[in-house]
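Dropping the structure in here first, questions after.
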Amino acid sequence: MMTEEQTIKRAFDNVPGSGAAYNLIDFIAGWSRKYSIWPIHFVTGCCSPEFMQVSGSRYDMERLGVLPFASVRQCDCIMVVGVVSRKMALRVKYLYDQMGDPKYVVAVGACPTGKGPFRDSYAVVAVDDYVPVDIYIPGCPPRPEAIIYGMMLLQEKIKKERRIGVKD
Amino acid sequence: MSKISAADFVKAFQKAHPKAVKSIESTDPRRANLVVNNESFLDAAKSLRDNFGFLMPVSGGAIDYPDDNRIQMIYYLMHPSSRFMLTYRVDLNRDDPNMPSLTPVWEAMSFHEREAHEMFGIEFEDHPNMIPLLLPPEWKGGHPLLKDFKGEGKQ
Amino acid sequence: MREPMIKPDVMRISWGPQHPMSGQTRILLDVDGERVHRIIADLGFTHRGIEKILENRTFFSGIIPVDRMAMVDTANMSIGYVTAIEKAAGIEVPERAKWIRTLVCEMSRINSHLYAFGLQAESTGYFPAVFLWTTVDREILLDLFEELTGARWSFNFFFPGGVHQDLPDGFREKVLKAVKYLRGRFKDYWGAMVENPLFENRCNGVAILEPKDALRLGATGPVLRGSGIDIDMRRDEPYDAYGDVEWEVITEDACDVMARTKVRFHEIGQALNIMEQIAQKIPDGPVKGRVNAFMRVPEGECISRVEAGRGELGFHLFTNGTGNPYRVKINSPTLRNMYVFERLAELNEVFIADIPVIINSIDPWYLDADR
Amino acid sequence: MNSNTLFAGTLTSLVQANQFSLLNIPSMIIEFLALNSKPLLQVLLLPGLGFILGFAIFAVWFERKFLARAMLRVGPYYCGGRSGVLQVFADFLKLFMKEIIIPASIDWPFFVAMPVFLSTIPSLALLLIPFDSNWVLWDVGSLSLPMFFAIMGISPLIPIFSGWASNNKYSFIGAWRVAYMYISGEISLVICAAGVAIMAGSMDLVKIVEAQRSMWFAVPQFIGFILFFLGIFIESERTPFDIPVAEVELVFGWRTEYSGILFGFTMMAEYVLFQAWTLMFVTLYLGGFNGPVIMGMPTASHIFWLLAKFMVLVVFIILLRCVFPRLRMDQMITLGWKYMTPLALLNLFFVIVMKMLGGV
């Protein structure tokens, strides 16, 4: 991923104004990605009803452009909702590998973050042993406001991301 | 199916299978406990289903007694018309726990026996499909619900 | 899975755990065109070893993982464990606490059945209207829960010997108001779902479970009562205040998906009645007894059976005189119903499009099946 | 001037008329633009690119906002100044800049090519729709009605090919569902359209519209009207007939494997199909560009009327999305063969009887 971007950059580096052009592309990409986070329909555990409430009518995550999709190919974001067992952790990894490139992981709840109330269980793992996590939202389950705040933090993070432009 | 109270059932079963019964009691109008011998386990189960009307399997599980060197396998059965619950138990040797499967008698015990197999290491003869139910297929950490299980995860 | 295919020329589809309708499990389908010949459930994706965890915790702190066994039905999960501990330790519960528990359990049951409707509607492709209406109406209940217990879903509100808090001021009026509102809403749901001809097309006559099969396969909860067998733990083994309020067990004789949906509808009606009665005539008194949080329970065993939203939930508690349970065996309703689900393809002609409808008529909550 | 040629003067004739030299190129371009201003406008704006893209963007936004209201929520809000109007642009740009995953096991030339055809083929059929008596971009005279059905007949092949090329079980089942559904649904539509053509006495869409000046065909051919209305749902794969992409059954049907901008194309194609069939419905049954008859006096025909009827229908059809569950495949086939096709034949029979009795 990184090397390919760097070669692209090197090819046009001598052209005057290329840095500004790269920054412009990054700005547009960041803007569009920020407002169009498509998480995948995937629940690992018991925070799923709260996630349902958040995408439901009173809290309505679609305001932020978050629209759950069915197939992993079209999605940008895995929301690891709830406890991750050993059997499930492999699937989270497979899904992460199958997803197209700008991809983000949000760990919702205490269980994927640490192990939460199942700290002494033999079958529960923390999700960041398997996939890189961008945002952690603690709580058991987190309140809807917390999940929405987490998604807004993810938006901020995506907006500041520099994939091909000049890094600050 | 005719109604039968738990106390009447205790008497009737003891009369019908005097040799099979290790202990039988009813502490509560809605409960009955029955422990049978290892050998007559399958026959007694068939008799419970056919003659006594325990048509409804509820669940199955085991408990480990390392001090007595035994594992007790417990089947939970329900009498659908008189609505009392029977715990149907058998004691197994802890070193080599094996017993006939009750899946041919009560089909729905399949899941519970699979669970007991992976959690306690009990071998069920004639079980049609003995694959792990809850633990991952690549699990190598032993049988978690045994009292001497220490490990967490793959070993 | 090592299981062989039933016929050589069928296609095996892996359905889940990432699938819009699979929940946290994997289902393998042997399909020939649109026909499903065989369903195999692959459980265990949310196995947390709760039975082992409980052995290592005190009786009080064990309530926390038990609570999380079914997030939409929290109260009915913890009531089973708490009742088992009370039976084993011989703890008396004040009368008012029993009524409050019943109130919270029935609210939790409505919560759970609303979830089932929402997914039932979504599984027929009804996504926009009904599924999201249920989320709005659930907020009414969640607000009540939050006011009473301080949490929206996982309130560890019950403990051996009572409940944590008394009802706040004005709570009974709020319950009555919510009951009135929800009664109005359920007329809407009834019109939008049960009386909608297209919904009837999808649900009538699908996945028929004859009463004798329901008994033989060990079905429970609304699945069993949808097959016409009236077994309900709230009446057969009354716990808390269920013996003191008026309600009835709902059964339907059609044995199909629609019958199970109707059972849930009517059970919500009964739950609203119970809520109303409790709000009107709850007795006064203390809400918690004097219980040591690190109590030791004498050696013995006991079984508690309660009726959760998804069916009979049993706790078989073995104690050995220490502060921890020796072993807790949890008889979960979903595990029993999942076996029924596996066999439904052999009892009926099932199409691929029926699979989500059937799953949600079973109303599984895999977290309590996997424990 | 031959009505079949799209542009008034082709480049070669321009070159022959003026002696070709480099200096003449700007003036030639200006001349070309001046001579062909109307067809160019049509290609770029009304039946062409602008209309198709604009409609797709509008419809996606409108559907999301409108369904959100039906679900008692707000819908896209923060993207584009508290209204969500830029939401579609954000989605499209994101898909455009997203990685396109081409799995190793698939038939990649087909896989990549099909989404492109998917939206271009219905747009081709859309060019046949008369927007006014002299506002037809692709005027094929009396062949226009058969041509429309011929082109639309190709469009279901594309999902079938792409589902096959995806080499995924869900895509595969979705592809065959497309085949079943279109066969059982489209035959009755052709028969309905034949009834319209018989009543109008022509297969030219312009003449069909002009034959409805006094009375829309929705009135004498009420059965056909209803059937064709159902047909819009079937052909554009909308609820309750979104069986091939049924999200809760087959993850995304034949679209499961598509990622990035290829998926964006499949999303757009859905709306282009929807647009083409709705416009055809307006043309055949609701009097196309004719104005409504007020107090016995027909109002002037104008392009505005077509667009107004179209928009009202679109709103109505999107509204219907929130009240229906999805049908099952066997129910769909039963509906198509047992009810729709016989009813369409009955409709045709009535039309022939009316025509013979000279009623219309």
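Descriptive notes on the structure:
Labels for the chains are A, B, C and D, by order of writing; each one numbers its residues from 1.
Just so it is clear, a residue touches a chain if its C-beta (ideal position, glycine included) is under 8 Å from a C-beta of that chain, and two chains touch if they have at least 3 such contacts.
Keep in mind the model is a prediction, meaning the values are calculated, not measured.
With contact taken as defined at the outset, chain A and chain C are each touched by B, D. The chain with its C-alpha centre at the largest distance from the centre of chain A is B.
Chain pairs A-B and B-C differ in how many C-beta pairs are in contact, and the one with more is B-C. Measuring from the averaged C-alpha position of chain C to that of chain D gives a distance of 47 Å. For the pair chain B and chain C, the distance between C-alpha centroids works out to 25 Å. The geometric centre of chain A is 36 Å away from that of chain D, both derived from CA atoms.
Shared contact sites, meaning residues of chain D that touch two or more other chains, fall at 71-73, 247, 251.
Among the residues of chain A, those touching two or more other chains are numbered 56-58, 70, 87, 121-123. In chain B, the residues touching two or more other chains are 135-136, 144, 149. Taken pair by pair, the chains that touch are A-B, A-C, A-D, B-C, C-D. Put simply, chain A touches chain C in their complex at residues 40-50, 52-53, 56-58, 70, 72, 82-83, 85, 87-88, 91, 95, 117-118, 120-124, 140-141, 143. Across the complex, chain C meets chain B through its residues 1-3, 43-44, 47, 49, 51-52, 212, 215-218, 220, 229, 231, 236-237, 303, 305, 312, 314, 316, 318, 326-327, 329, 331, 335-336, 338-340, 343, 370-371.
Those residues of chain B that touch chain A in the shared complex are 135-136, 139, 141, 144, 149, 151-153. Chain A meets chain D in the complex at residues 28-29, 31-36, 56-58, 60, 62-65, 69-71, 73-74, 76, 98, 100-102. Chain B makes touch with chain C in their complex at residues 30-31, 55-59, 61, 63-64, 74, 76, 78, 80, 83, 85, 87, 106-108, 110-112, 129, 131-136, 144-145, 149.
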